[in-house]
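What follows is chain A paired twice: with chain B in the first complex and chain C in the second.
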Partner chain A sequence: MLTAALVVSDGLGRGFDRAAGAADLPDAIVRFDPEPAGQVAARIAALPDLAAFSLRREFTGVELDAPGHTSENAAVEIIGPGRRGYAIVAGRDLSGRPGEVLVERGLAAAWGMPLGGRIELDGSSPQRVVGFTESPDNVSYPLAGPRVYVAQVGVSVPPGVNLAEIWLRDPHRLDEVLVQARATSYGVHGLRFVTRAGVRVLLDQAAGIVIDLLVALSLIALLTAAVMLAASARAEVQRRLQAIGLRRAVGASRSYLTATQGLEALIVAAPAATIGLIAGTLATYGPTSRLLMMLNEPAPGAALALPLAAAWMAAVAIPVTSAAWPAWRAAGRAPVALLRGAELAAARSRRRASPIRAGLTVLGARLAGARRARLVATATALGSSTGFVLLMLALASALVSLETDPGALGKRYQLTAQLPPAAVGQVRAIPGVQAAAPRYADEAVDSFSLQETIDVIAYPGDHTEFEAPPLLGGSRIARPDEAEVGAGLADALGLVPGSTLAIQLASGGELRLRVAGVVGSLDHDGRVAYVPARALLARDPSASEQLVVRVRPGADLTRVTAALGATAAPAAGATARGVPLVDTLRAILRAVAIVDGLVCLYALIQTCALTVQERRRTLSVIRAVGAGTPAITRLLAGAALALVAPAAAIGIALERWLLGPALARLAAGYATLSLGAGAGAIAAVLAGLVVAATVAVLWVARRAGRESVVSGLAAP
Partner chain B sequence: MSGLTRRESLIAGAAVLAAGCGATRSARTGSTLEATWRDPHGTGVLQRAAGEPLIARTELGAPARARRHLATIAHLTDAHVLDASSPARVPFLDRLGDPFQSTFRPQEALTGQVLAGAVRVIRALRPDAVIQGGDLIDNDQANELSLALTVLRGGTAGWGRPYFGVQLAANPDPFYYRPDLDAPRHPGLLREATRRFTSPGLGAPVHPALGDHDILLAGEIVPTAQTRALAVGEEAVWELPPGLTLPPGIAAGLSPDGPPSPRLIDNFLAQALAGPKVRVPADPARRQMNAAEVVARLSGSGPTLDYFVDVGASLRLVVLDLARRAGGSGGLVRPEQPTWLAGALRAAGERWVIVASHQPLPGAEGGEALLGILDRDPRVIAALSGHTHRNEIVPRAGYWLITTASLIDHPQQARMLRVLETAGGGVALETWMLDHTGALAAISRQLAYLDAQGGRPRGFAGTRLDRNVTLYRRAP
Partner chain C sequence: MPVLAASGIIKTVGAGRAARRVLDGVNLEVDAGEVVAVLGRSGSGKSTLLHLLGGLDRPDAGRIVLAGEELTGRRPGALARVRLRHIGFVFQSFHLIEELSGEENVLLPARLPGARRGGERRARRLIDSLGLAEIAGRRPHELSGGEQQRVAIARALVGDPELVLADEPTGNLDQDNGATVLGLLRELGDRAVVIVTHEPEAAAIADRVLRLEDGRLREDADEAMALRESA
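Up next, the complex of A and B:
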């Protein structure tokens, strides 16, 4: 569990930094409408703190053909001199000779493209693939369109450049540089700055909130794993209390006993940790690497060695310490008390056990309950695992919901259409359409922190008719100079109702509005602003527009879609628009869940085995009076039930009131994200527990049945 | 110091003290021979660094031992003291780039403090004379000249009202640097910029030259009834008027040296005033002056500013007035000036001569005639000028053509000149740059350095050979 959590959290949490470092990602990427290269170079060269820059021409919507595959939406970057901003992960860089092309690793993997293979761009003569690249300035194919790089030589393109990559000497001074760049950018149209921080946000957006969720999940897994390891080790010492008492009685020192106990734990923990390390890595490394490839980020590789070594040491140290410490405490008590079968915890007055009135099942439960401390520890560990599995089921459900259900984002429209605002009347007249309105969107940055990107959304009227993210504070927009901001944006910029929101739009114009309210939105990590359309269009008339359509309940969505025409599309979710990403994420969740399930099974088997071990005489007596394996099974079922029942209660409570809210808060503090497990998930987990308990009981009962009654009766 | 622990504060204080002790002398004198401001890592941050020693330049004569000190002169030029709240300004043109980059500067609210910082360091060096090289003010306003003269002569100066211009935080125009909001942030800077401040005065005779900005709006335009009303009125234009068309030639990036057509200016003003306007507090002190008034206030005489004066017994300073009265920023030699100059040189006798003008003689209309006269005179050491905002020293015939940087654009430096007679009858001119002092002036220096349209990318600091050098000139 520890390893799985580590692989996932390290791989995803530090993937961007690794990729940015390897690719020499620029500190700022600037896109604009084509301009003469000399003029752009002169303006950039005048910026302070400049280390280097390179200029490119980027074409989008290019037809890309490779054997067996084709795409109409490729991006082609014409590379000039200067720094690259991508890493070559296989093959070599462009040599400057014509006919060479670099393709993204994600595209090469998805299309099975070999080095030396051929591709065609817009029907031109075939280009030879000389290398694979990785650059985290965007997600990779298939989450985004394919991207290739070709050299300037031998390519016939219109004059001008439309992309500049800028590297700074001191990236901490980026804001100062952007202020200067902004001041000298007049007359450059379609200007968009993306900074490293902005790229990170874009990647996070592309992968949706799922990466945050998984990283948060991993942190919780680390804690849970630590608790379980400690509880298991403590239970083992509890089992050996009598042996410890015996050794103390014959003169063994407290330190010796503690060291012995620690050493025994070490002998078990070291190979177990090694096996766990290998199993956890194997289970999660593959899916994590696949996910990272889609994000244009490298797999952790050797960088994971150190964290894994630390994890191995932690996995060994926790049980050793957990074994040594209770042993130290136990060895400090009177040998007589230990030999009498004392609990590790201080002795308390016990209620006299009532006579057995029920059958073997109840007896089994009472036998398990006789070791209260161990029962509590094991039930806590099992409960944690149960809660964890529930959490993953809730997470999977949330993923599906975020991907496929716009309503999860507060969107109340089901369809979009690339139609002009003037078509609203016609669209409203389509049977089945309840409401329609133009929706304007713009990419912006905060005017004063130019690294903070903002999605600006505008409607001509009441936006809550189409998008109603829950209001967390303040009020809805009531005046033309007001805005609602997402909680993510409010957190990043310190905005509260009454603050002034100043955003610089893609047009270069600045929009200032009073913050009326803060809303919980999962879109763009909550970095959104809802503004009145009139205010947005006054500053940026070229803001992108589409029509959004609400369909009447019960109306035929397919028929409405057909009536809207070819540009109609279902409203999108918050996570990446790709099945592959969600599938990969599910694979990771599945791997983690399997590891977790194995932990549950282990806890149950251990409980049953301990019960059998400690009650050998009791069991032998029962068998001696004619009871067979079914009777032992019933007895062990009672013991398992004594563990499973409280564990299930603990697990459900833990997930509902602790893990779920904690994970939701960690992953998306900017919005209300429900991660409470539903009834179906709870039923499924309970069924899983019953199955695991059954397997454990049957396996241990079978082993117990093999022991001779005589040797059992002779046991101490 | 918020966010620092007491220990960190003490350590930081000790570090500042230690640095201050080392830099005390250079900070007081501002001499770049001892220390100067550099960007050692190319990150856009100026830091105190080692000074630049004098380098010998021998194009006009071999090095020789100095025998006698003749005079020490300070050359301070292009201070461009400006009223940043004035409605007569056209800052919206700045975004159009060359040649309008001087219509708005991020540091423009601090010009008075920068001049005061330069005055402090020059005063500390006790020169025999100070050449005020022109463009003392930026926009021909009476209040600008009052403040600048107070700073030069000593006294308490200030604008007497809060800042109300394009750099206010409330102005939602991202093309202007707003110090309360934009990086590098200096909250409260505009408030500090308009507080009254004191200047010790130069403490030496000041010999002014007349610059285009001293008598023309933006250094280009002769005041008209319309511009005079605009200056003292309460309507300002901050935003680039939609659909503004520029006079032909200007839009092509050519510097309008000659007088712009009044019709074009009227047309431009009409377009600008038809755009969105901002209401600002009116101030009658913003009165625009005519050239004669400016000359009279600078020198007590007039109507032109051609004159000569002796600095000590062996050096004559000849000042030429090349400012165009009819508009346009370039230098213009009036028909009578060659004869007057020849006479002034003749009258100098055996004295060495330094000639000063605002515009450099080589680029001025008719400048070749004056240069020809200087070329023929064996006692001319140097021709000093400003206007280009650039440090530059080039040899010509038997003298040096020297231009000094401005106090408004990077590197915001003045120049010291020490004239020495050398063994064998020649002369050596030791010249070095001066950095100004003061906290607000330091902010101005840093902002000027960052400015992507300012003196840094345009190389106004010049090379080492344009700054701290000993210029040798052989005997006549």
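Up next, the complex of A and C:
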């Protein structure tokens, strides 16, 4: 578990810095409508604190063909002289000779493209792939379109540049440089900034959740291991009390006995920790590397060696300390007491006998409960693990829901169609259609400081009839000069009801509206604005349009889709474009959940095994009076139940009232995201606990049944 | 037909050079209602014999037949069933379960799967007849040694066994309590009782006294008579 957490945390937590350093990522990347290179260079050269810049021409929506694969939305950057802003992770950089291209590593991996392979851009003559790149300023294919770099030499392109990469001497001065850049950008249209710091914040937000989860899980696993190992070591020392007493009697020192016990633990712990290290790394390195590749970041590689070595030492130190400490305590007692096999820290319960009649199951529960502190610690650890497994199931369920269910985003339509607004009347007449309306969408940037784009959505009438994200503050749009903004946008720009939203549309026109309300939208991380259609179309008549269709309950969706024609499509969920990312996240969650489940199984087996080990004589007495393996199984089932029942309650409560709400706030503070585990998930986890407990009980009971009754009766 | 019949029992303990044959062809028969005492010095193999007779351990050779059922060669589960239905154990250190009250300790065998019916009723009767009603709700560490051993005897009898095996039943008791416990063992009606002990007082209640020496059982009627007279 510790290793798994380290691999993922290190990969995600430090991946961006590694990638940015290797790629020499610029402090700011500026995109704009094509301008003469000389004119742009002059303006950039006048910026303060400038270290370097390079200018490029970027083409988007390019057709890219490779053997067996094709894409129509590739981005091609024409590379000139100057710093690159990408790392070469295989092959070599462009040499300046014509006919050479670089492709992103993610694209090469997804398409199985070899070095030296050929690709065609917009049907041009084949170009040879000479290297694979990595640059963390954007996610990689397939989360984004393919990205290809081509040398300027030998390429016939229209004049002008539309992309500038800027490096500063002091990156801390980026804000003032951007203000200066905006101030001197008059006449430059379609200006958009992406900053290194902004990309990092976005990635840290997403990675932070995964890392927090894993760190918490590792701590639980460590706590479980520490409790179990300490209990196991205590039981072992208890078993050896007479031997320890004998050695003390013949002159062995306390420290010698402690060291001997510690050494024995070391001999077992060192190979076990090594196996755990290898298993944890194997389980998580692959999915993490795939995720990092999608984020255009390198796998941690050798950088993991030091943290893994530290983890190995921690994994060894816990059992060694757990074994040495009770030995140190025992060896401090009088040899005579030890020779009599005196209890290490016997404290007989002063409780009166329970009114519950003790069958074997109740007896088993009482035996487990005899070590109350341990039972509480183990139940807490097991309950926490259960809570995290529930959380992961809820998270996976939410991911699926967001991916496939438009309703999860507050969308009240099921279908879209690329039809003109004038067709609304005809669409409404289709049998099964309950409502239809034009939906306009545009991409904008904030007029002041936000470097991320904003999704602008508009309906001619009440948008809540088709999209109703919950209102978090203020009111719905009531006037033509009002807007509702997503909480993500409100947070980024400090907007509240009554503020002015000023955004620059794709057309270059500016839209200024009064913020009527703030809504919780999961779309585009909450960076959305709902505006009246008339206001949007007045500034940008070219805003994209489609018809959205709500189907009557019980109507045949397939028939309505067919009636709408070829352009009809189901409404998309939030992550429809990020299916590979979701799959990878699921793989990581699954791997962590499996490790977490193993922690639960380990805790249950250890609890049963410790009950058998510590109460060897009691079990032998029960067997002597006629109990067979089924009776011992029932007794151990009681011990397991004493652990599982409170653990399940702790787990459900923890997930429902602490972990779920906390993660929902972390993941999407800009929207209401329900991460409470459903009845199905709870039932599945409870069933898993029962299965784990059954496996633990049967296994330990079988082993206990093979023990000699006679030697058990003689046990201290 | 005797309740218990053991013949040619051989048992070696330890391994290699430390191996020692503690039972070397032991033969023993005990009838219903008969109390047999096995005397011997420490390490002579008395407890080993008792464990073999009770199906807690397996002999290297020989046969043990209890209530018409052959014990040797049986699987552990089958031996557990035999112990449950036919044998009651009384141990020197009582071996009561600390987490259970006196009454629950008595009831424990009656609640095991496969126990004879009527266990609860027999337990009530035993608790009353052994004078345990006042203390039945107490935990073992709250009871005196004599009380604990009486609870242990009640536990041994709750399954209505044909054979009671007692291993040094008075070893941890004072003289008065020891006498009470021996009196109880003497009055077990038609049950066969085997007591292994090194205390002459315990052997004095027996119908027959056997001495275990050099791995063999030897009956000495004169010694039995002398013990009874001295008691």
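The definition used in the following text is that the second predicted complex is superposed on the first by the 418 of 716 C-alpha atoms of A that agree within 3 Å, B and C clash if a C-alpha of one lies under 4 Å from a C-alpha of the other, contacts with A are read in each partner's own complex, and residues count from 1 in each chain.
The rule is short, and it goes like this: a residue touches a chain if its C-beta (ideal position, glycine included) is under 8 Å from a C-beta of that chain, and two chains touch if they have at least 3 such contacts.
For clarity, every value in this text was computed on a predicted model and none was experimentally measured.
By the touch criterion defined above, A:L363 reaches chain C but does not reach chain B. When both complexes are overlaid on chain A, the residue A:T184 reaches chain B alone and has no touch with chain C. Of the two partner chains placed by the overlay, only chain B lies in contact with A:R169; chain C stays clear of it.
With both structures placed on the common chain, the touch criterion links A:G705 to chain C but leaves chain B unconnected. By the document's definition of touching, neither partner reaches A:V250: not chain B, not chain C. After overlaying the two complexes on the shared chain, residue contacts for A:T629 are found with chain C alone; chain B is out of touch.
Look at A:A422: by the touch rule set out above, it reaches neither chain B nor chain C.
Looking at the complex, you find that chain B touches chain A at residues 41-45, 95-97, 106, 172-177, 181-184, 449-453, 456-457.
Note for the complex: chain A touches chain C at residues 348-349, 352-353, 357-360, 363, 366-367, 370, 617-618, 621-631, 634, 705, 708-710, 713. Taken together, the chain C residues at the contact with chain A in this complex read 51, 54, 56-57, 76-77, 80-81, 83-85, 87-89, 91, 95, 97-101, 104, 107-109, 111-115, 137-139, 141, 155-156, 159.
Per the touch definition, chain A reaches chain B in the complex via residues 43, 45-51, 168-170, 173, 175-184, 186-187, 447-448, 502, 504, 508-512.
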